[in-house]
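What follows is a group of structures, each given as structure tokens.
Note that subunit A is present in both complexes that follow, paired respectively with subunit B and with subunit C.
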Partner chain A sequence: MTERVRVVVTLIAVALALACLPLVGLPAFYESFLYLVFHWIALATSWSILSGYAGYFSFGHGAFFGAGVYTTTTLAAAYDVPFLVTLPVAALVAALLSAGIGAVVFRVKRLRGELFGLLTLAITFVLATIVLNTRLDGGPGVYLSNVPLPRLVGSPTGTFYLLALALATGTLITAYLVTRARLGLGLYAIHDDEDVAEVEGVPTFAYKLIAFAISAGVAGIAGGIYAMYVSYVTVGDTFSVTVPLYVVLMSVLGGARHWLGPAVGAALITASLYTFTSGQQAILGRAIVAFVLVLVILLLPAGVVATVLGWRRRRADVSAASATGGAEARGGSSGDWRTRGREAASQSEFGAADPPRASAPPVALQCEDVWRAFGGIQALRGVSLRVEPGEIVGLVGPNGSGKTTLINVISGHYTLDRGRITLGGDDLAARPAHEIAGLGISRTYQIPRPFAQLTALDNVAVAATFGAARCALGEARDEAWHWLEFTGLARRASALPHELNLHERKFLELARALAGRPRVILLDEVLSGLTPAEIASAITLVREIRARGVAILFVEHLMRAVLELSDRVVVLNEGEVIAEGAPREAMRAPRVIDVYLGKTQAHVVA
Partner chain B sequence: MPSATLLGQAVVSGLLAGGLYGLLALGLSLSWGLLRLVNLAHFALALLGAYLTYQLGTALHLSPWVAAIVLVPAFFGLGIALHLLFARFRVTEFTSLLVTFGIAVILESVIQWFWTADYRRYETPYASASFKLGPVFVPLLELFACLTAATLALATWAWLRFTYVGKALRAAAEDPAIAGAFGVDHRRHALLLSGLSAAYAGAAGTFIALIATLAPSQIWAWLGVVFAVVIIGGLGNPVGALLAGFLIGMSESITMAVVAPAWAPLVSFSILIGLLIFRPERV
Partner chain C sequence: MMRAALALVVLLAFAAAAAAAPSGQPIRIGGTLALTGPLAPTALLHKIAGEIYVEELNKANGLLGRPVEWVLLDDQSKPELARSLYEKLITVDKVDLIIGPYATSGILAAMGVAQRYNKVYVHHSFGMPHLAKYEMHFPTAAFGPEPNKTVPTTVFDAVAATSKPPKSVAIVTSKFPSAQFQSNGAKEVAEKRGLKVPLYLEYEFGTRDWGAIAARVKDANADLLWIGALGLDGNQLLEAMKKLDYTPPRHFHLFPAPGPLVAAPDGKNALSVTVFEEHPPFMNNPGAAKFVPIFKERAAKANVPYTAIETQVGGSFAAWQVLEAGVTATKSLDDKAIGAWLRKNRVDTIIGKLRFDGPNNYGDDLFKVKQVQDGKWVVVWPREFTAPGARLQPQ
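Let's turn to the complex of A and B:
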């Protein structure tokens, strides 16, 4: 039985056992209490699907909850729609609302982090104002006491208990499956570095929209059930800051990156709030909860679940005296990706055999008359170049000559103003970066940009999953292992990027670029900052890559390496190609010497 | 369409209400923009200041102005203490939001414990004082609050712009490590700034006590609007915060006069949403 099946079956079994409680005569008080626990588990868990995994902290969960509350209220109270029928509609309304918001907001790059949070909070207030001033509410609030409640069991409280139990279970299963799917891996990558995720092939816009819609849909159902539970809804209570703030607190308390974290946080906070019920005691209780919250955030920033898992794993590591463990435990790793007992030490450093997967047929990369400006600065002026399969083209030029800009344009990070870039027959110009990665172009970053909270193995697995290789998740790990071995990083597979030294991080960039099974690979100064011995091994590695029929565009300042490796050299200056040809000849062209050494030196060298 | 007088009155009331928004936004904007701390507890501090002004006035018959002289320095100290806590635990921009939310709830509970959840009204002779500017009534108290806000905003702007500490703070906000390498003692300056920010909350509290009806839940009532003001004004920009306060105050009061009071939040938040979506680089 795979882990996935085991967890889902366990969750369903626990839910079924809990579902029997009302039948054996659980007192109504406990049913209400557990209803609230499940209510908050569903809300907090659904919130974390976008906000915890992808890091888009939303303070607008109250808006989607409220959309659900008023959908059910309006349909059931004004149009006599049966209560249970209103729930899927509530989910749909909330999901559509979030998709509409996301379709606008996710296009704006600057709206990440706390600005996204405040924007979603503002949307909550706008929605509240609209509901307050229209027939949806109109001000005095709406009664649902006349809406018939279907009796799933004897008592109404039992019915709410069962509904919330079903919702919480469904939400937890969804959250678990998301973290174990491509979607989850993509969201984790977005969390750490969205731009890199897109360039590695993650369809970031679509993934954020999907996560947002799932998250809002669950909140909508929770709102629908809640409307019926309280049976009198007002704008003030529905759209208050309670929902957004509680879900954030519960998730952060439990650990927002782990699928079970928000549920643990929700249970802890709901239970502690419920212990203090009346009058002065309630005030004291709230203060104590707030105080505990402050302590937890200051002392356990990764959340309860991740911290406990970390302790357990660390203890396991110590007892197993494993050399590579430990790192994985930190900061709530992406979970499932457990290091198998695979031989880390491969026969030779680059000797690993090719995995069976076949690459796409090799093709050439061609840039024709590529232009790109930033404001008044013309970074690229009509650059044309061609890289054949199995060819290494060195791209050189002084700082600011447009080398990195060209790489950013080819990989789709920047759009081009004019010109054409083609890979075989495919035009790349109009495509988003993740499609370009899917077609088989991958790159490295001059300053390594690994996903900070994913292990080295997972970093590479992201590329294997979303790049041209299009591996299924299970295969992606084998593929990632292969490339870690290829680059000599296998023994660091479970390390987090900050534990790697510069050389290892540069090689991780390479492994990640290769794992996508690219047809063209853009290397942006992979050698800078390395020691001579490291440079030698990197050069061997680049030759190995070329031997596989990959076209390589190689940006480098280190002339020795350029001359040694390149089949051809293209020299850029101020966004223009000033020379092109065999390495030694191109570098001797008068204009090139002129650019590198200044006018007076040009004739001396010549 | 309402009469010109009504509209004029709406503009004046909005401007004056906006002054108070600006005053509240000032401290928040400084700590967010220059210390990268989003301080939700700011609202709770302001309300605590208001309740203390009320208490000193009703129980000890202390004039609100004397109360302010006591409270503002005390809040300065409180701000320093809070920042020592944040610095000790290396609170980041995001965790600051959560930690200060916790602190705000603790303060709300404290307020409710001592003063109950009932509404409190601090009756003073200043409350009704006003003069007429043509057909338009100008309440003196609100005018004074507005002038205080303007003075503090301009003074803070000049301080940040022209003094060494101000420049050091702005440099450290850009890049603390580099500023530190150039000899900037960010820790001391940050303590000063958070003290100042809390002192502004105390000053705002005095005016809230005199102008508004007090209830512990008021902490959350200000939150949305003042955050809108902070963002529209630009983080760490005192004059921007003041002007944005005026803008939001006026847009609210004109909406109240022309359409209906209940629609007012739609206007201010629509301004915020529009700004975030269409001019995100402004923020």
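Let's turn to the complex of A and C:
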């Protein structure tokens, strides 16, 4: 039984066991209390699918919850639609609403972070205003006591309990499967650096849209059930800040990046709210709960679940270290560590190991008359160049000459204004960055931009999954492992990027670029900041990559490396190609010397 | 002789005290209030009223000779929590009786629970009578089954009885459900009475920008302004109108925060409705003379800004009186017996005589018109309830 099946079966088994609770004959209050626990588990978990995993912090969950409330209310009260039939419609309405919003908002880069949060909050107010000023409510609220509630068990409270239990279980299974699927890996990458994720091949727009729709759909169903539970809905209660505030609090407390975190947070907070309902200590109780929450969030910023798992992992590391004669948990014995790393890879979050796959047939990269401007500054002026399979082309030029801009344009990070870029027969100009990555173009960044909260192994696995290699999830980690070994980083596989030194981070960039099995690699100053010994090993590595038939466009300031590595050199200045040819000839061209050293020196050298 | 007489008095006093002291297992009455959350400031008034009532009850003979314990829980201003906590009170705490929470949403959410367990459900602050279908709910928000008709009628009757009866009324109202419900009714009633309604405007609950609304009111220039106000809405609208150099000839406020309107200069002659004010004849109602000074003292200690008793506190106190009357009359804690008795009998309370035999268990509309005069609220209509010497201004 795979881990995935085991977890899903366990969740279903627990849910089935809990479903028997109404048969035990406990007082109805417990069903009522657990209804609220499951209600909040579903809401908080669904919120985290977009906001926790992808980092799009939404304050608009109340809008989708409210959309569900009023869909069920309107259909059941005004059109006599059976209550249970209204629930999938509530999910659909909420999901379509979110997809509509996402289709616009996710296209605008600046609407990330706090602006996204504010926008979603505004959407809640807009929706509340619409509901308040139309026949959906109109102001007086809507009464649902006349809507028949199907009896799943003896009591109405038992029915609500079972509905919420089913919803919470479904949401948890969905969340778990999302984190174990390409979608989850992609969302985590988006969370850490969306632009890099897109360039690594993650279809960021589609993934965010899917996550948003799932998240809102669940909130819609929760809203539909809630409407019947309270039986009288008003705009004020429905669209209050309670839902967005609580789901954020619960997710942050439990840990928004882990599929189980929000559920733990929801259970803790709901239980704590009940603990202090006594009329005599109500205010003091709320103050204590708030204080404890602040403390927990301050002391456990990653959330309860991540912290507990971290403790367990560290304890396991210590035990393993003692079992192997006291070797250090990390790097103490490379053989042991690699073995454990391999095991970790095969039991990874994202699947089991398989042998690396073969690259696609080599092709040439061709840029023809490429133009790109930023406002009034013309960064590229008709650049044309070609990189053949197995060729290393050095791209040099003074600072501001357009080298990195060209790499950004080729990789799809920037669109070009004019011209044509092709890879083999494929035109790249109109394609989004993730498609360009899928066709076989990888890049590194001058200043490394790893996904900060993914391990080195998972950083590389993202590229293996979404790049040209298109590894199935089962293969991605083994592929990633292969490239970590190739770049000498296998010992650091489970390290987080901030634990790596500059040399290691640069090589992580390389491993990530290679894991996509690209046909063209764009290396942006991969040697800068390295020691001479590190440079020597990097040069060896680049040669090995070339030997695999990969075309390499190599931006570098370090002339020794350029001359040593490049088959040809293209020199840029102020966005124009000013020289091209064999390295030493090109660098001796008077215009190049003029640019680098000034006119007098050009004359002297000539 | 003197000494013997004194001893006899002391003995009798002790005997009387012993006879009055309740004994046995306490009768537990469960309920929730919004002790935290947005409704907490008003719910605090209900808490103080209930505590005083239970204390006084226990100082006397309790209920059926047994002490009374109020099991009060905090529903945190959330209707879903109110519902769930009433389930706790009934199925886990197994209280003998229940009493309603504060505010319409919570009352309605808990009404379903009361109905499922056949509990008598006395409540004090429910604003939508047509939604309450449970046969054993007993409201003490005493505005009758159709407050959207009767309350405006009372108000229009009051101003019609002056020397300058209004010919037009401008209506602006919050979209808060109960306010909108009654204000909408006011429009219909006004039109039926032949009053012109040059303006009917609804604003969202929580509105803070009153400039545009004030301009519309000024343009309408009606003889009477009806504000379906909650809290400070009325104060803020009056202030905005003042900036436009406009003061409405008469202005009525539906659910204002009573204190700020009394305190503000703009609030002079403001009209509103009430079921209780601290003057005759209300002070002659059962329990009033004893309750009013204690409440004022406790409210002041709890830093309540406006300690005078009016609709909220009056309704709250009356709810306890209704429950006590039901239990005492039937000599039982049986909900069905209490419910049946309450449906057939009137209960004389601090806010007047309540009956529950009308549509949806509502009885008479006991609301009267009050006005800010000389820095305090006084009832000015109907005439038999007016404060000594008070008349609706301007005449």
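Going forward, the second predicted complex is superposed on the first by the 569 of 606 C-alpha atoms of A that agree within 3 Å, B and C clash if a C-alpha of one lies under 4 Å from a C-alpha of the other, contacts with A are read in each partner's own complex, and residues count from 1 in each chain.
By definition in this document, a contact is a pair of C-beta atoms (placed from the backbone, for glycine too) under 8 Å apart; a residue touches a chain by one contact, two chains touch by 3 or more.
Please read all numbers here as calculations on a predicted model, not as lab measurements.
Asks: Subunit A superposed: clash or fit between subunit B and subunit C?
Replies: clash
Asks: Check the residue A:Y35 against both partner chains and state whether it touches subunit B (first), subunit C (second), both, or neither.
Replies: In the superposition, A:Y35 touches subunit C alone.
Asks: Kindly classify A:T275 by the partners it touches after superposition: subunit B alone (first), subunit C alone (second), both, or neither?
Replies: neither
Asks: Go through the superposed model and pick first if A:R286 touches only subunit B, second if only subunit C, both, or neither.
Replies: In the superposition, A:R286 contacts both subunit B and subunit C.
Asks: In the superposed arrangement, does A:Y226 touch subunit B (first), subunit C (second), both or neither?
Replies: In the superposition, A:Y226 touches subunit C alone.
Asks: In the superposed arrangement, does A:P301 touch subunit B (first), subunit C (second), both or neither?
Replies: In the superposed model, A:P301 contacts subunit B only, not subunit C.
Asks: Which holds for A:P140: it touches subunit B only (first), subunit C only (second), both, or neither?
Replies: So A:P140 only meets subunit C here.
Asks: Quick one: classify A:T540 as touching subunit B (first), subunit C (second), both or neither.
Replies: A:T540 sits against neither subunit B nor subunit C.
Asks: Using the touch definition from the top, say if A:L111 reaches subunit B (first), subunit C (second), both or neither.
Replies: first
Asks: Can A:L245 be said to touch subunit B (first), subunit C (second), both, or neither?
Replies: After superposition on chain A, A:L245 lies in contact with subunit B alone.
Asks: Kindly point out the stretch of subunit B, out of 41-49, 77-85, 95-103 or 113-121, that overlaps with subunit C after superposition on chain A.
Replies: That would be 113-121, the one stretch with clashes.
Asks: Overlap of the subunit B and subunit C footprints on subunit A, residue-wise?
Replies: 129, 132, 139, 280, 283, 286
Asks: Would you mind writing out the residues of subunit C in touch with subunit A in their complex?
Replies: 32-33, 35-36, 47, 70-76, 78-81, 83-85, 87-88, 90-92, 104-105, 108-109, 111-112, 116, 128, 131, 133, 175-177, 180-181, 202, 204-205
Asks: Mind pulling up the subunit B residues that touch subunit A in the complex?
Replies: 38, 89, 91, 93-95, 97-99, 101-106, 108-110, 112-113, 220, 223-224, 227-228, 231, 260, 262-266, 269-270, 272-273, 276-277, 280-281, 283
Asks: Taking the complex as given, what residues does subunit A use to touch subunit B?
Replies: 57, 104-105, 108-111, 113-115, 117-119, 121-123, 125-126, 128-130, 132-133, 139, 240-241, 245, 248-249, 252, 280, 283-284, 286-287, 289-291, 293-294, 297-299, 301
Asks: Once bound in the complex, which stretches of subunit A touch subunit C?
Replies: 27-30, 32-33, 35-36, 39, 129, 132, 139-141, 143, 145, 155-157, 226, 229-232, 234-237, 242, 273, 276-280, 282-283, 285-286
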